[in-house]
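What follows is a set of notes on a single structure, which appears directly below.
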């Protein structure tokens, strides 16, 4: 079966294509088809898991060349090792549960079959991500799960909040992918391959310089930060709750957000090679976990509480993995890797259960606000117990699944006091906010009578998955019981198998912390012997900060998005005025220059020609003044000329050797006077004169 | 003598143009189908060329289907010389395909139908010629021939500011062409005997002095960079794209921009390796500026078509980044991939913007909202291409971007490429912002209640692009094999 | 040599002629001009008498004063608005015309004054002026006389033709 | 003799002035009459003082008077014609020689 493991992720793709091309209008068939394919995948996954257990972690790889050059090639391939096998089972299990659950939850939605298409596409991408045998392939599916997450968050895209949330989710995770991409480029440039096996071999042999490795590892971790909603890119996950609740359960609780953890676990060799990078990972994980836990305490939206809880738990896992990398790099043994992956598995089950339960509650009361719920226990006979089982599990109560995995995480931090204390604090907060939720939703008096009365248990196809997941929430942890010789620890490991030593002290402290958290919640929200309002008022700034999610959205809006948009607008205007201005300015200058030349041509060159004509015209105009066309004028000149001739005759006869001055004077005087006479204004003519 | 395939590619559209011109003016149906009919054989032939080259020549990457050299103007040693190799064959196929699709997409043209289709076929001839010509004179002639129909196509059938856009496009490109002409003349007069054959001059280029190489390189580069368009020569592009009719935008984005990068790869880069080594880094810098700048400006756009136009600037920036990393086969192959995938994706986006513009008569992003519930198929296709444009795996854009980044990262300054990667996020930002504002959110029933979904004819124009985008995204290997030999050869020339 | 100095009568007549002549060319009212013209022509007739040309003086009075001047007055009556004081009666040539005519007059007078070569006749005019003229007209000046009569006829016909209103 | 000639000269000048300046066509005709008279005065004067043995001067004067009469007749007819055509008899109207 392992040889044909690619079928596991191709089956959902087949389902997606069938629904898109053939089953769009046949909702029932589409959903059924989709569920059948995922069930087949589930069974195959279990088979693969069993085979892997039988072979004790022997990997199988298969290749398909994607792009091939002389120097390097990109390929797709399947790698099945214990980690993959576990993840396959987790993903297909939760996927199958969610698909069955959605039959009831999405009933009557106008885009019912499309929902199943998207779910199938997601499962295809997620399984491909898990099965990938190299970083290139994981990156491809990494992006594809981002796409399906985008599509599913925005499934009810008519809601503006959903439309905003899906964009935010995609872009925020893409910021992380940026680092991932840079890390991949570093690896491919310095190692020449992206194949896990070859790459880890090179890293193990020390073929890659430490600095490069650190940068590459942090780059890869950036991808995980984006996908797993770690600080500082955690802001998208709570908003992603705008999607349908089954989607939140599948993608944003159990599988896709865990992909970041999976990626860190998968590339653990890189982190082991670089202690600095591991420390960064651990610190980021811890910060995230703490932040999210403090926020979750004060939230009132049931899904958001769960979302922050998810972020917090993911931070837990990341922290454990980071500490493992650090300790191993320092030469110590650490249960971190085992703890992280183990918690990844158990968390997937109980968090999916919590979300599905929350979905069931929402389905019943049609609100997300826990302040409007209350006393629902008798109404929701299946949902409430399963939900509380999951809450106990996440709080880490013996002997539920969460107890075993959380215990290992606490154990991983033992050698780092700060981490240890804060981890316990987070465990306390986790127990507190989960049971705050439970007490407010299921116990006490109904706060909204109207909603209470209309509440009803969900249909069977919604409650069966709950029961099944509740079973897993209880039992899944038992595979990791430390006394088991072939348990989880000796199955999924990095480097050499880790054999946990059960520490009763640790277990006791962790359990005590969890129980005290539950107890505090009991006192505050069930007994009401401690007033939550009073405490809130006492630490009002902290309360407000927590309630407003430490203002991350506002800060990002203020620091990044607004400046970016203003910068973009500035660039646009720069483009229109600056760059284009230069182009247009050049054109305008050219036009100006040609205008100048045209002016020159018109007034200087042509002006000389026209000027000659103008001179003649003006002379003519001058002469025109005496050329009136009137007999009298002509008579005048006849007279003038007669006089002049007379003078000329006289002068030429009697004044010898001199110019005929008088003639000229008379002639000129006559002409000048004639012209002047025309120019001097005459007596005004009466109006009636010129009738 | 073999059948002159390349000449047929060039001449057939011209025959088609004459045929269209001979039809009566009002027979719109006949004109349309004649034009489409005459564009089909070149398309089929060019696609057949892909398979033929793949089967027979790809391994060696040689110049194939040579025609000539025939003496054309013997006194100047101008020859008729055509040929195609691994980088021109995909471009020819792209040209053939996009021309046919654009012709089908422009059935909505109502005014001066005959002239439109005639000009379009002339345009196709010019484009085909540019990708085939191996003689500088011939190349220059085809390069300029295209301007004429383009000018009229924008200037007559364009939007409100069509004259401005058309003149800007025309003058800007012509401005660049003058530099190219000077460079060609320099090459011509320094070679002995005087020659205009690109293949001959390929050996002559490196023998020039360094300064002269730089001059020629820069002159050619300016001419091609305007066409690409490389930042800061890009400002004609938004105007031309926005004002041009849909089909012309498609050709402009799909083929014309590629001519710049193609010409750089064909002429500029291998002919002046010394200058390339000097300037390669700065070209990559221009490319990175283009990526970030184009993405940022797209982010601020209010007009759907302008957004796509500026995204072209960003996407062609990837090509320039890859061309700056000339020593890496991966990067250059990525550049070719990016040319093809941008040709497919942006053309499709322009087609789709045209579809919505035909119905709504506005392209303002803010005017829409929630179209997803009214036009499900259109929305699906548009989201598909938006995802392709932002480089989602499984589609061609991802392959090209990844190859470019990987190649450039190995060959260039790491920080520079690191900055370029930012373009991926910005690309997602502007594309998703557009998708959100247009397709998601509440639907304005009162205003867009009678919008209809994409129709059959429009689907016909888009579906081939979907198939090719997916095919290249999922199985890029054949395309790599098709180009690899040629690229190795070119890179050998570049690293002389 | 006859009497070299003219009589008082001549001076009186000369003053009247020049004054009225000047009035003719300068007055605004064309009717007054015509009256002054009559005055002037009368005075010229007086000059003729002083110069011993009685027949001519009679003809002057009869033809000029009796016919031409009256004709003029008729024409004025027919055409002009005689009483309108605002009518401009002079052309723009006034200054130059003044200049020329003054020069003409002065130069003529100086020329006359400076000319010393007159061959003065010491004979007297024939006694019977009218008779002699009549003889001459019928004998020596027969042909001009007839021509002039034809001229008059032509002028009369011409005037009729010119002044007649168009038939339509 | 001299005063007679001077008188005629001045009268002639006045006539010239009138001809040149009068705007009224009838005024021009009157000025012409003045000039004729000046000429007549000259003729008669010369007849008396220089060729006193005949009457040729006076006869000339007679002819001048006759021609002047004819001229006046035709002239006035023309005046009427002008008046009819231009609704006025200003000499300004009659500038058709310009073209």
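The chains carry the letters A, B, C and D, assigned in the order they are written, with residues numbered from 1 in each.
Following the convention adopted for this analysis, a contact is a pair of C-beta atoms (placed from the backbone, for glycine too) under 8 Å apart; a residue touches a chain by one contact, two chains touch by 3 or more.
Model, not experiment: these values are computed from the prediction.
Within the contact network of the assembly, the step distance from chain B to chain C comes to 2. For the pair chain A and chain B, the distance between mean C-alpha positions equals 30 Å. With each centre defined as the average position of its C-alpha atoms, the distance from chain B to chain D rounds to 99 Å. Centre-to-centre spacing of chain C and chain D amounts to 6 Å, using the average Cα coordinate of each chain. As a whole-number value, the distance joining the C-alpha centres of chain A and chain D reads 115 Å. Contact with two or more other chains is made by residues 88, 90-91, 93-94, 96-97, 100-101, 104 of chain C. For chain B, residues touching at least two other chains: there are none.
Chain contacts: chain D has residues 16, 20-22, 91-92 touching two or more partner chains. Contacting chain pairs (ordered by label): A-B, A-C, A-D, C-D. Considering their complex, residues 16, 19-22, 28, 87-88, 90-92, 94-99 of chain D touch chain A. Interface of chain B with chain A (complex): residues 168, 171-172, 231-232, 234-236, 293, 296-297, 299-301, 329-330, 333, 370, 372-373, 387, 392-394, 398-399, 402-403, 405-406, 409-410, 414, 417-418, 421-422, 424-425, 428-429, 432-433, 435-436, 439-443, 475-477, 480-481, 484, 488.
Those residues of chain D whose C-beta lies close enough to touch chain C in the complex are 1-7, 9-18, 20-24, 26-27, 29-31, 33-34, 37, 40-41, 44-45, 47-53, 55, 58-59, 61-63, 65-74, 76-81, 83-84, 89, 91-92. By the touch criterion stated above, chain C contacts chain D in their complex at residues 2, 4, 6, 10-11, 14, 17-18, 21-22, 24-25, 30, 33-34, 37, 40-41, 44, 47-48, 51-53, 55-56, 59-60, 63-64, 67-68, 71-72, 74-76, 78-80, 88-91, 93-94, 96-98, 100-102, 104-105, 108-109, 112-113, 118-126, 129, 132-133, 136-137, 141, 144, 148, 151-152, 154-156, 158-160, 162-163, 165. Chain A meets chain B in the complex at residues 65-72, 74, 136, 139-141, 143-144, 147, 150, 154, 157-158, 160, 162-164, 166-167, 170-171, 174-175, 177-178, 181-182, 184-186, 188-189, 564-565, 567-569, 571-572, 575, 579-580, 582-583, 587.
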